[in-house]
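Chain naming follows the written order as A, B, C and D, and within any one chain the residues start at number 1.
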């Protein structure tokens, strides 16, 4: 599964994208955030304010309770500031 | 006193402007409309739907009860359709 | 800083690129520009042109007044309004309104307000010229347009 | 006739006049064009540039989705949206939204709606670059912008 990071989430985790194998028991966006936040300090910092993190599955915005089944690309990023 | 007519008011009275000497007793826009409407068929037709006629004194929109004292230029026209 | 207000009443075609460039020219404090362009429609091919009559002098004065009203309501940096008179072909611009502000809400609201007021308060009258060149009647004012002013009081 | 929707995400400067001309090109049924342009401000001379990061692919898709939503709500004839990414200098365009309709109310409302949704739903993030070239922090999302979406529900 491909994971993308943008803006300060990207800066804090220290990379823009990576491939991961989904650990057993991780079935939702929230579960994936828990898993990633446990990796190291940078990831923990990136996901510290959990409620502000936005997620997209296959380029569609989703809530944190969205299931990961069938997803090819998950993205995490701060609230958008375009326009 | 200079009087201007625009759009279908102009077409109905048959002229775009004229100079008139204000008759005694005519002191408001409404009074002037009464006076003009009594002139001939064209003027009567122009001012037939009195409520729809807009008036301006010295290029400022006014109500029909506005006094004519001091006015140099009075204009009569239909509701505006610019924009 | 007071809004820079600029108004033109003209029988020449409107150069949109020049109008838009002029709105923001020489300043970097503008974050938002809203524009509205009213165009002559061909009414399904039945219309050859619009002929717009205006009240010279009063037309400019009323437009400036409406622009000043907008600038008193919203923190505008610039307002540009161009209104044509004379013969206007389908596809050509009848009116252009441009507003510039630091933020988008003011620019949008002011442009909307300006159009509502220009429609009912600026002394212009439209007559339709049919495809065969004959004059149709004067365009009637819409009650909707007068009612729209209630949005701003 | 369905609205003609056209979207671009680009790192090249926006030619506003060309964008506006394209909105009405080759048709005479458009009576109203509303546009909004968001520009980079210099923040009193303290800002050298904005650097805008985006999510390629999703950015275009989300903008098209928002444009389709607008076209489903209002009788639009054309929608054009251009959003820049990369480095943007003060005075340059960040976003351009143009809407065309037969009548003005639809064009205005749709442009306003599009900007509200682009602000909070299109995946772009702004970072400020100070006058001395150093990076400032990421621009924070405003609660106001999220709240603005409530105007349309």
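Everything below uses one rule, namely that a residue touches a chain if its C-beta (ideal position, glycine included) is under 8 Å from a C-beta of that chain, and two chains touch if they have at least 3 such contacts.
The structure displayed is predicted, hence computed values, not measured ones.
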{"item": "Chain located farthest away, centre of chain C as origin (C-alpha)", "value": "A"}
{"item": "Rounded Å distance, chain A centre to chain C centre (Cα mean)", "value": "48"}
{"item": "Geometric centre distance via CA averages, chain B-chain A, whole Å", "value": "72"}
{"item": "Separation of chain C from chain D, taking each centre as the mean of its C-alpha atoms, in whole Å", "value": "23"}
{"item": "Where chain B touches two or more other chains at once, by residue number", "value": "none"}
{"item": "Shared interface positions of chain D, touching two or more other chains", "value": "38, 115"}
{"item": "In contact (per the touch rule at the top): chain pairs", "value": "A-D, B-C, C-D"}
{"item": "Residues of chain A defined as touching chain D within the complex", "value": "4, 6-8, 10, 56, 59-61, 75, 77-83"}
{"item": "Residue ranges of chain D touching chain C (in the complex, touch as defined)", "value": "16-17, 20-21, 24, 27-42, 44, 90-91, 102, 104, 107-108, 111-112, 115"}
{"item": "Chain A-facing residues of chain D, complex", "value": "38, 52-55, 57-59, 61-62, 83, 94-95, 115, 118-127, 138-141, 146"}
